[in-house]
Amino acid sequence: MKQNNNKAHKFGMVIDLDKCTGCGSCMVSCMSENNVPFKEDESNKKDSITWMSVYKLTNGKSFPDTQIVYMPRPCQHCGGKGDHGHSPCVSVCPAVATDYGYDTGIVSQIYTRCFGCRYCMGACPYHARYFNWWDPKWPEGMENYLSPDVSPRMRGVVEKCSFCYHRYQAARDIAYYEGRDDIEEHEYQTACTTACPAGAIVFGDLNNPAHQVHQIVKPDPHPDPRNKHVVGKSRNPKVFRLLERLGTNPKIYYLSEREWVRKAGDNYLDGEWDKIKNYHGATLSND
Amino acid sequence: MDSALIPEGAKRCSFPKFAIGIAIVSAVVLWGVFAMFLCWFKGLNQTNMNDYYGFALWIWADLAVIAVGGGAFFTGLLRYIFKIDELKNIINFAVIIGFICYSSALLILAIDIGQPLRGWFIFWHANVHSMLTEVAFCLSAYFAVLTIEFIPNILENRQANKVPFFHHLAHNMHGVMAVFAATGAFLSFFHQGSLGGVAGVLYGRPFAVREGLLIWPWTFFLFTWSAAAFGPCFTLLVTKITETVTGKKLVKDNVVHLLAKISGWMIVTYIIAKIIDTIYWALVTAPSLGFTLSHFYSNNGFYGYWILITEIVLCGVVPGAILIMKSTRENPRLRLIAIILGVIGVCLNRWVMVLQIMAVPVMSFDTWALYFPSWQEIATTILPVAYGIILIAVAYRYLPVFPQEQELNTIEPVAEAE
Amino acid sequence: MKVDRRSFLGLGLGAVAGVAVSPVGIKLTDDSSIWTQNWPWTPVPIDGEVTYENSVCSLCPGSCGLSIRKIDDRPVKIEGLAEHPVNDGGACLHGIAGLQYLYDPARVKTPLKKNGDKFEKISWDDAIALVAGKLVDIRKSGSPEKLACIADKEQGSVSGLFQRLLKTFGSPNFYTMPSLESYLEVTAEALHGEGMTIGFDLENSDFVLSFGAGIIEGWGSPVNCFKANASRRARHAKLYQIESRLSNTAANADKWIPIKPGTEADLALGICAVILKNNLFNGGATANFRGGFNKLAIMIQKDYAPSKTAEITGVKASDIEKIATLFAKAKMPVAVFGKGRGDGAQSLKELAAVHTLNCLVDNINKEGGAFVQPQSEYLEFPDESMDSIADAGFSKNKAGRYVNQLIEKVNESSKPVVEALFVYNANPCYSLHDSKSVKQAIGKIPFVVSFSSFLDETAKEADIILPSHTFLERLEDVPSCAGLAKSVVGLTKPVIDPVFDTKHAGDAVILIAKALEGSIAQNFEWETYDECLESVAGGIWDSLSEDGYAIISEGAPSGSVAVNVSFLADNPATIQAQGDYELTLIPIDNMRLINAGIAASPFAIKTVSDKVLKGSDIVVEINPLTAKGLKDRGYATLTTPMGTARVMINLNEGMMPGIIGMVEGLGHTFDNKYVSNKGINVNDLIGPVIESGSGLDAAFGIKVKISKA
Amino acid sequence: MSEIENKTENGSTESAGEGTTGDTKDDKGLGLGVIFFIVAFVVCFLSGTLLFPKLLYSKKEQPFNFDHALHVDEAGDCDSCHSFREDGSFTGIPKLDTCLDCHSEEALGETEDEAVFVEEYVLEEKEVPWYVYSRQPDCVFFSHAAHTQTAGMDCVTCHGHIGESTSLKPYEENRITGYSRDIWGKNIFGIKKNSWDRMKMDDCAECHKEETGHKGYCFQCHK
Amino acid sequence: MFPFSFEWAWDMAHVVFFGGFWYAVSILGAGMTFCILKAAYDTINDSGDSHH
């Protein structure tokens, strides 16, 4: 599988945190694209389903030196250690309700298969997975806006961002129909990407040098010499990934000019950051 | 009234007294069953779990009962494989406790999943790479072993044993019990281990993750070892409680001392391994991911270093030390303290390996997530305890659970209050 | 033969074996397995052909182009329209959630008439007849000016129809809600003359000096501003944000300059003073100054020297000098006014002072600067023919210049100032300061007609509700009137047949006019609103209907404009917050909420942080130093001269000490559990403060006391 | 087990020693038992095989009959009616508009079914509520383009020879799952003689495995 | 779990895992079958009270 991978896609994203305004368009676009339900009180953020979630980070300093940044967090579509497809969540699902598409790099979630053990949620350090604690209910008449491209979920199963896989399916449909081998960059864009009014999100194939996302990220195809689990590290010093040191190998990259923001992407021991911050991205390991 | 069912020569309390006791505990069972049905019909919104706490009280209860139920497999292993014959005097009870623990664990799992009717997908569509799959398979297979081990004891009931087939079946099952026990030990090794693996493989959770051997993180072995070490403590504790409640001595001291001694040495070896594991994790694993030890034990209202010290020193080193030394081990009070501490210790370990993992923030900007269970979760967690009490009471009343009971209790001519 | 137990055994075993060998077992197992995966109560959306329709959003003045994805006849998704001149692709969360407005079960589904405390359904015919009957009575009584109308804006054909109805009826009392558009006009009128408006070329400016304008908080045309802001780094442009709170704009800016709330005007004048003192101004530009430029110059040198300004504003004198220098020396600087979204209370002093900076550095009508030009009149309504009653009524004075003055007058007067009120696309009972007294005033008006799609706070006070279509069900011209560099008119198109028994407000007005007969009816000879639009939009109709939009003006207007600084030269007093308490409560604009009349959608509410709304509690922001003993996430009671409120505390280092921030847009009382009864309406706690000389309600906040609850 | 109970009841409670008394009686009983066994087996097996499907599936008649063979003759291949849209999606059962490309308010033929079609649907401008034999559940995504355009498969492979039929069989709906019987259940044992006999995930996977070497990832066919 | 289920593959992981599982299950099954058959045999041949 992995051998004939040269044609395989690796869809990913780079989010420019300096452009992000925290406006929430990506969240709502995602919800309305993916038939995400809503309930009366959504202010308990720990049981509120938002595939795309926007975190607000501060630099921890006091007035007037305090700064904030917004960090949109979809599912990171981790490639897992060594980028072999054993994402933290995929490897633990006991019933294969989630798998890693080696052809796209996308982590799926199949609601009809999931029986709600929630192990994947425990495995995900990004809180990108959501459980349907309630039966989804739409106020009378509102089912009319549900999209047939995405299955509504039932109570008791886990759901998460799918990189709008149905858009990939639709794009492939056209390509098949027109007898093309593959799809163009613009044909497959996620709902959050197209909605972002600031253009902060760039989506595309990390394996394709022609794609914008590749050009910004410049992923290093080789394992990080200092941490063999880390593959695909960005060669752009302004780009980082969330919790890169864990070796989850997320496909969401973040871009920021601000050092404190880049530092917030991972955990560092005292003084560690200063030693490595100028190295592209930032990971070190003991091996 | 039910005297025909009571083992010959055994003294038991009057049936009305027994019935009242059972009724009181049954009320607790009903409360738990009510909560269980609420969870099934209204869904898991009845709990206080959330997307941060996908695993919570129930999974802890699961891990804990399986850990303390480890007495069954370990005693069986010693009795049937290592041929430590004295243990035949406690093996029946160890099996019953194990049976209760494992059936409870399966019940809790059935409540815990979001789509209980799809629960069998874990078998049918098994992902063999998931530790949870391994847990499910070995757990249910081992539960079958426990049932098999329990059956002869049931068949030894006065009335059942009169049925020739049952009599022969019990006899024959005793004959091949070593095979079952060996299979049980094999299965137990893997499911106790894979329960440890459940946490240890979470490489997205630096608090949980451990290096290991092949596909098995160190927690895999630590869990098996700790279940073997602390399981007998629980067997002894429940025996002690039963003795106190019935007011009878049921197992001879030499048996208790032997099991306590074995448990003690197991605890000591385990705790040494656990200390090494903790030090390696604190000094190597976690720092390599950017975490200091203090990250896991500060900035929150509950999880401090106390929990680490309690688990390892107070509830590990101390009981281990008490139980390996003859003088302290044979002191009934110290021994009791030791086995209580041991049971608390293993439960605390499982708590840490479930709930603290969920509570610790991983992303640098995340915050500690604390949780308190809802009454429905508490009720369903108490349910197995109440169910266990009933099963033990019934088994004790009607089955020849303790082979030494008569010997130890014939001298006293006066019927004592039970 | 004896049938014994063995026979039954045989029977039983045979049955079991028979069933086991038959397909029943496997089939039932499999089917029940499938059954557990397809719960009948989980909706299954119907598939069909995907089509896209273009339209324009009219939820806010931004007027973004939308692309609506439909499955057969069913709209399922709203997205921003690529290559639309306003938003080019992106869309804000409110527009994207538009379908939730469309299908909101809390919509007004038929015309309603109030009976006692309750509304009852009536037919459209009856409703129109009732309204017309009432209006005929008013006209007969000889004071047609007692018909008033409050609408969201002046521009656009529907607003035009309302104005036409009032005029031909005989009333000058047409009001709009305060909005950035209205402030742009007020400012332009004060400095450049009547009929002018201002636009800011944020996309091209290389130095944006924003006096609290929430450029990424929903100010102006939000998506357009997001885009301009996002391209800033690539253009090497700078944004300096002057604001008392670390808003998102401040956080995103190159520099955040915290300032004492309400002293923005003083800082602007202080910067003017530095520019004048250091001769950083453009000499040529000052030639356009009228109305006492010298007087102004002398006044500000005296009263707004850096040290003095620093004292007033809390901004360091050195910073003031630095900002002045940077601003004046930038190639294409622009100073932007309109705190927050720009539709809250503003003082003319502040608006004028900030805009004077633009005039001083001569960026007027230059790329990257401020564009001053006449308001675009793209509609051509035929001249009205008015009868004598209409002439007489229309020539009377308006009850007040602004809507808050109308409210005040209604409340103060013992005789009815207004006999009948039309409310369209406006929710004064929610959006204006001291909403309690606004409600009281609306309650005093004998006959209130609401054209709202939702049972909002004002509609609840109405006697008749003539529900209008949502923007997804109607045709309408939507001018973008939000301070853009270019002026664009979009065309909202119906993408679905009306979901409920509603009518286009334009059609309702035409029907009312026709029912009034006589000269009024003569002015409304169109059969339908659609026909009316096509005829009055004559010049741009082709472009509207073909492209979905028409660009009225683009790029820097030519020519210079005169600047009249007489208002400032008189050194008007800076507005002070009402009350004597120690702290100041200021409203916060949050992009994820709406502070116009409508409530945010369920989706939008879902995105709101738990540091803004927790359960039904509103969370206020306060600096830990100011909070003293109050705990983060603890409860407190706020007391202002207008009332008290229980709030949750969020300790926030981004707040200037001494102020408390409360978000706008919560506390709605719609009949929609997903969006209503959450938090409180900050306008309940703030009372109007009228600026002398302009008449504007300029209450930027109010003094407040906080105590542990 | 009952055999043993039998014995214990007949025998003494002290010992089961004399368990095998009365051989002849037992033999008779056994003989009868065998007969009962056979009868019960046959009855249950037959009802499980013949009656059970009848109970499991509810039959629904299509709104009116449709002659595929005739339409193929008149209109051409399957794709003249079951066509692709420009976005590569598949239209499935044609909408009324497609029918009206040929049909009008005047009947083309003389069948009763066409009369029903014209009167109840064309004149009323109502879509025909066809039951779809091959409807997959909501969780399934299926790309017709991938299979027929790119992989060059025949319609017959999955849909069988429906194009040659002159009448529509009744639609059979599984009472438990709501699935069409064509998805799986044509043969109640699940035995598959033709590629179109079943359309379950395993059937998709089987072909994918053969043709592409891989059963496919979840998202290939799920949504 | 079974070779005909969708997820089954003849790879190392599956063979080891299910090998172990089926091995254990067959031992239990065989053991129980043996006990039951032997008990039935013993019952019929009355060797029931030969011990204890």
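First chain written, first letter: the chains are A, B, C, D and E, and each begins at residue 1.
One rule holds for everything that comes next: a residue touches a chain if its C-beta (ideal position, glycine included) is under 8 Å from a C-beta of that chain, and two chains touch if they have at least 3 such contacts.
Being a predicted model, the structure only gives us computed values, none of them experimental.
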Chains touching both chain A and chain E, listed by label: B, D
Farthest-lying chain, centroid of Cα atoms versus that of chain C: E
Middle chain, criterion being Cα centroid separation: A
Averaged-CA centre spacing for the pair chain E and chain D, given as whole angstrom: 37
Separation of chain B from chain E, taking each centre as the mean of its C-alpha atoms, in whole Å: 26
Whole-Å gap separating chain B and chain C, where each centre is the average of the chain's CA atoms: 62
Centroid distance [mean C-alpha coordinates] between chain E and chain C, Å: 74
Chain C: positions in contact with at least two other chains: 32, 37-38, 42, 44-45, 47, 50
Where chain D touches two or more other chains, by residue: 4, 7, 15-16, 19, 87, 89, 137-139
Residues of chain E touching at least two other chains: 6-7, 43, 46, 48
Complex interface listing, chain C residues touching chain B: 32-33, 36-37
Chain D residues touching chain C - in the complex, by the definition given at the top: 2-3, 6, 26, 28-30, 32-49, 52, 56, 85, 87, 89, 91-92, 137-139, 174, 176-179, 184-185, 188-190
Complex contact set, residues of chain D against chain A: 84, 87-89, 137-139, 141, 143, 145-146, 149-150, 214, 217-220, 222-223
List of chain A residues in touch with chain B within their complex: 44, 46-47, 55, 57, 71, 81, 86, 88, 91-97, 113-119, 121-127, 129-135, 154-158, 242-243, 245-248, 263-270, 272, 285-287
Of chain E, residues touching chain D in the complex: 4, 6, 43-44, 46, 48-49
